[in-house]
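To start, the structure itself, in structure tokens.
Labels run A, B, C and D following the written order; every chain starts at residue 1.
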Amino acid sequence: MTRLSPDHLVSVEGLHVSFSGIQGKVQAVRGVSLHLDDGESLGIVGESGSGKSVSCMAVLRLLRSPPAQISAKRLEVAGIEITRASKSDLSAIRGGVASMIFQDPMTAMDPCYTIGQQIVETIRTHRGTPRRRAREEALRLLKKVQIASPEAILDSFPHQLSGGMLQRAMIAMALSCRPRVLFADEPTTALDVTVQAQILQLIKEIQEEMGMGLVMITHDLGVIAETSDRVAVMYGGKIMETAPVERIFEAPSHPYTRALLDSVPGQGKGRGRLTEIPGSAPDPSSPPEGCPFHPRCPEADARCISSDPELVKVTEASAAACWRLS
Amino acid sequence: MLGYALRRLVSVSVTFFVVSIIIFLMMHSIPGGPFDAGEMPLTQEVRQRMMAQYGLDQPLYVQYLNYMWGAIRLDFGVPFQSPGETVAGLIGRAWIPSLVLGGLGVLVGTPLGMLLGMAAALRRNTWIDYLASAVATLGLTVPVFVTSMLLILLFSVWLNWLPSSGWGEPKRWILPIIAYATIPLATYARYTRAAMLDTLSKPFVTVLRAKGLSERRIVFQHVLRNSAIPLVTVFFPMFLGTATGSIFVEAIFRVPGLGSFFVSSIETRDYPLEMALMLILAILFALAYLLSDILYAWLNPRIRFGGGSE
Amino acid sequence: MLEALVTAASKMQPALQLCGIGKTFVLKSGSVLNRRRTEVRAVRDMNLVLERNSIMGLVGESGSGKTTTGMMALRLIEPTSGQIRLEGEDITEYGHQEMKEARRRMQVVFQDSYSALSPMLTLRQIVAEPLLIHGAGGATERDALALEWLERVGLHRSFGSRYPHELSGGQRQRVAIARALILEPAVLIADEPTSALDVSVKAQIINLIQDLQNEMELSVLFISHDLSVVRSLTDRVAVMFNGRVVEEADTETIFSQARHHYTRSLLDAIPVMDPRARPRRHFMSREELEAKVVTLRASEMDGPARPSGERRLVKISKSHKVEARVAA
Amino acid sequence: MSGPGPAAAPGTPSVQSGPAGRAHGPLWHAWRRLAANRAALAGGGAVAAIAVLAIIAPLIFPTGPTDQAYLQEALAFPSREHPFGIDDLGRDFLTRTVYGARVSLSIGFIAAAFSVIIGIPLGAAAGYYGGATDWFIMRLIEIFSVLPPLLAALLLGAVVGGGFWMIVFIAALFGWVQVCLLVRAQVKAFKSKEFVRAAVALGASPTYVVFRHLIPNSVSPIIVGFVLAIPLAMMLEASLSFLGVGVPPPTPSWGQMISVGLNFMYFYWHLAVFPTIALAATVLATSLFGDGLRDALDPTIEGRRA
């Protein structure tokens, strides 16, 4: 697994993803660049259709192609170029170097096998551990994700567990080979409020304890505030702004980030109108010319309509794609 | 498990009871009984004696009960077309060629169909997918007697490779087996493809890929297992469906099996034999559905273990 | 004269009252292979008052019985016990015709905007449906009013000839709101109407509901699990836990002075929008929360107290009720 | 989907869109998908062509299907004058084969129509009322599934003595089950949809719900059920005629012609080949069209999740 010494654990440069269907070509991701180091926590925030999930699926080459078409200048995980990786390299990376957890734990497990069988299978695939040892390992993992009666859960089928419990089991499975990075794709959206808080805290604790990289994909700015060190804000298949988490909340540079923060309900005291972003998200099959946000942007001018701004550095650690900043 | 099986058994028994009455009444409304004036020149007296001998002068429900009581003891009476033996004896003799040819057809067709369906699902929108779809559509829509005809024309009449009819040496079995095999082949190609595609689109398959499992393991260990549940339930009814096709296959290939006796029993108005065959098939169908349901419940952990929070 | 008095009196009544309402579902649990029948009390002995011209939040997690309560208020689910009073009128036992009249005054918006609109009808037909069912106006009048309402909820008139699948989630939810309000009901029951929407669209729909509530002096029962939305939108909140109300107060009181452990755990779980303040939380399971009972001294209560060992909903101030046990 | 909208002034909701494009209903989209499916189009085209040919047959053939005009040339092989040859009774075989399409197609369509007429109300009732009604209808269906259709049809054919209308009756008797199950599933799925609950919350009567919402939304399974019932009925007719209990001669029917052709097969192959191919092609074309329709109308493919 040790090839080149990579600059970053994960590096993505100029990623484009499109889907072709009967309705024509849909450009889901249009030139995204990201990177992640060991132990770092990156939050990707965006609304549905912004391309955040698709970007992460592309990093592990989990999109079926066709219909997906992926191109990138660079798409590396632990020094291995994903677009050209061999089958064996790819399966060593998936689940071994980089794990992923998903939005709906209810559909993420094979209904025909017990939780234990599915965790054991992952361990054995990557490490070839004998079955009995792998089972002990699975038990230890379930304890680690704070499941109350791990022995019983090990022999349960997915449909017998609650959503929160299953998501814990999914996390245990994702951690089973001590990955260096965990991609969490809206891991708490389908869960209740209190369960969401528990799962987030669990992910955060484990990440810090294991020194693992974390990519948290979410539409919820609150989740970002609680889990991420660095944030990328996506809109219309592009990154609008990337900055340390404090800067995103205290001094956002991009009008979209500002509008998004303002429209979060429950910030002011008492009842009142919220600041809303007029209009709706761009249709990915025919994205607007120029800056994708210009139709809804209060500060848009002629330049924003005609041409698309590049990401430009705002401070040493932050960048935004807005003509107002250049 | 037992409770469920028993409940289904009761339901199926009720259905079978109703069906047996329907069959019985249908047989009785066939115009021109065996001892009709037009059929046999018998005197009134003789006819009456014959009717009494076969119990045909009693009220319908008594006839029905008598018949069913006999049927339970495998006594279906004497076939008109072959008075020297019993219906049970005739069936016992005739079912062997039917089972051999039909069984071999299913045995050949089912795995081939599954393989074709799997290949189609895994290589979607390639030539093998189109081939599978074509085979499935042809097999399910072209009547089996048309298939049989074409087989004979091709292999016996034009190419002169294989004999077209008869029973005996295994060489004669080949064409009928192919004819039989088309139905399971087509059925399984279509169902396997659909079930596999359905499973492949499930989110858990993406999770399995994200775990680093090899594509082969994903397909054989997970996708196949999930797809097998609906496939297993198709098997028994399909098997019997193939048996129904024997009417044509045996008529065309001149095989002395149950199907050909069924046809001749209709032509000769041999109702003891017809009645027995209908009843046996109905009960086999009922049992096939029962077995399918139980198997489905047993294979599906969601049903077998129940529970769950919702 | 008398009639006028009666009408006036009914106008003094709260918009919607649920009196001791309860629902027990018979569940077939266990596997199909060895069935057990269990009774689940989804909602038990629940009292709720929705005042006129106000928005009340009904908050709780999945399985708390909040949606069942809303559906019972609409009589889409029949309660096993208790009474529903719409503007003072007991509608619990109404037959079809009476209920049809009552339904003019109470409407509903659901969570899933896609399945809430028939895919075969145009938006104009969908919005005009209530008029059609109640035989209000001719075809042209119905059409005109439907288009007017489409504009009122922020959609262009040209949307009238479109179909639901051509719209985004937020736009569909606007259509659902137009349909619910075209008969100008007194009460709107909104069952998680914003929980499937994106942040920026969520704000739009919340504002729309607020604006229409103000204009029409609507009374809204807003069912939600999202406390942030509830804080921006409602005047009063009732918190449901395991099928019953455990705390009820004015919205700001709930956010600043919650007494019940479950309410507090809900508030505690809201993500903090400040990355510099990442709280370490302590969580309690449902069982633990169920076991933790608030104990109040008689002096802490509003009005005369009778001590009792049992927990019940008690008043601790003029507008704040909490489930507690009263110590002597 | 929305163009630029003006920033909302407080108190007025934002207007979502400017001029809208042309609106298209779900059936229009289904039609578009069907038009993109070449196999289905070919199938539909072939069925249409066969139907037209069958209708105008009297205009293109000099002799009728039962005229024994060429007795001297009986059993003649295909030639330029008689592309399908002459049959054993001196009739032009192409004429008979084309006229066979009349029997096959008309039985197919009429039986399918009856299947739909029986299947819709039963399916709608089972799906809408559920409970005892559903139980009863499902037991009825179970009875039909336990009775092997072909054998039962054969018996029934023997009981009532064949004939055009009898075959229609038998085909409908077994054909409604599929339509009923399709409609039942659709009604059941849509009954709990929120737009139906919303209509109930508006005070709509069950009749209104069924006619305004449930039946229009069941158009897809009804169309599919109808089209897929056609080949089944055609196959049943051919099978019964093949066994001699179908349409009585001299009316030309493919099944019957195949049965006759079987006897001459070794020497006069054309008598077996042409009706066999005609039947296979027609049934196949109808099935392809039906399968294509089903895929086009399948609501799961539609852009449900925007």
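In this section, a residue touches a chain if its C-beta (ideal position, glycine included) is under 8 Å from a C-beta of that chain, and two chains touch if they have at least 3 such contacts.
None of these values were measured; they are calculated from a predicted model.
Student: Comparing chain centres built from Cα atoms against the global Cα centre, which chain wins on proximity?
Tutor: Located nearest the centre of all protein C-alpha atoms is chain D.
Student: Which chain has its C-alpha centroid at the greatest distance from the C-alpha centroid of chain C?
Tutor: Using the mean of the C-alpha atoms as each chain's centre, the farthest one from chain C is B.
Student: Between chain B and chain D, what is the separation of their C-alpha centroids in Å?
Tutor: 24
Student: Once you find the CA centre of chain A and the CA centre of chain C, what distance in Å lies between them?
Tutor: Averaging C-alpha atoms per chain gives centres 33 Å apart.
Student: Counting only Cα atoms for the centres, state how far chain A is from chain D in Å.
Tutor: Averaging C-alpha atoms per chain gives centres 49 Å apart.
Student: Could you state the distance in Å from the CA-based centre of chain A to that of chain B?
Tutor: The mean C-alpha positions of chain A and chain B differ by 52 Å.
Student: Specify, in ascending order, the residues of chain B that touch 2 or more different other chains.
Tutor: Within chain B, residues 305, 307 contact more than one other chain.
Student: Can you list every residue of chain A that touches 2 or more other chains, as numbers and ranges?
Tutor: Counting only residues that touch two or more other chains, chain A contributes 273, 276, 278, 280, 296.
Student: Would you pick out the residues of chain D that each touch at least 2 other chains?
Tutor: 1-2, 8, 14, 16, 303
Student: Spell out the residues on chain B that touch chain A in their complex, using ranges where they run on.
Tutor: These residues of chain B touch chain A: 202-204, 206-215, 217, 221-222, 225-226, 229, 301-302, 305, 307-309.
Student: How about chain A: which of its residues touch chain B in the complex?
Tutor: Touching chain B from chain A are residues 57, 60, 62, 87, 90-96, 99-100, 102, 104, 107-113, 121-122, 125-126, 157, 159-163, 170, 173.
Student: What residues on chain C touch chain A, complex-wise?
Tutor: Touch list, chain C to chain A: 55, 61-62, 168, 170-171, 198-204, 206-207, 210-211, 225-235, 251-252, 255, 265-266, 268-276, 278, 280-281, 283.
Student: Given the complex with chain D, which residues does chain B contribute to the contact?
Tutor: 11-12, 14-16, 18-19, 22-23, 26-27, 29-31, 137-138, 140-143, 145-146, 149-150, 152-153, 157-158, 237, 240-241, 244, 247-248, 251-252, 262-263, 266-267, 269, 274, 277-278, 281-282, 285-286, 289
Student: Sort out for me which residues of chain D touch chain C in the complex.
Tutor: Chain D residues touching chain C: 1-2, 8, 11-20, 23-26, 29, 193-195, 197-205, 208, 212-213, 216-217, 219, 299, 302-306.
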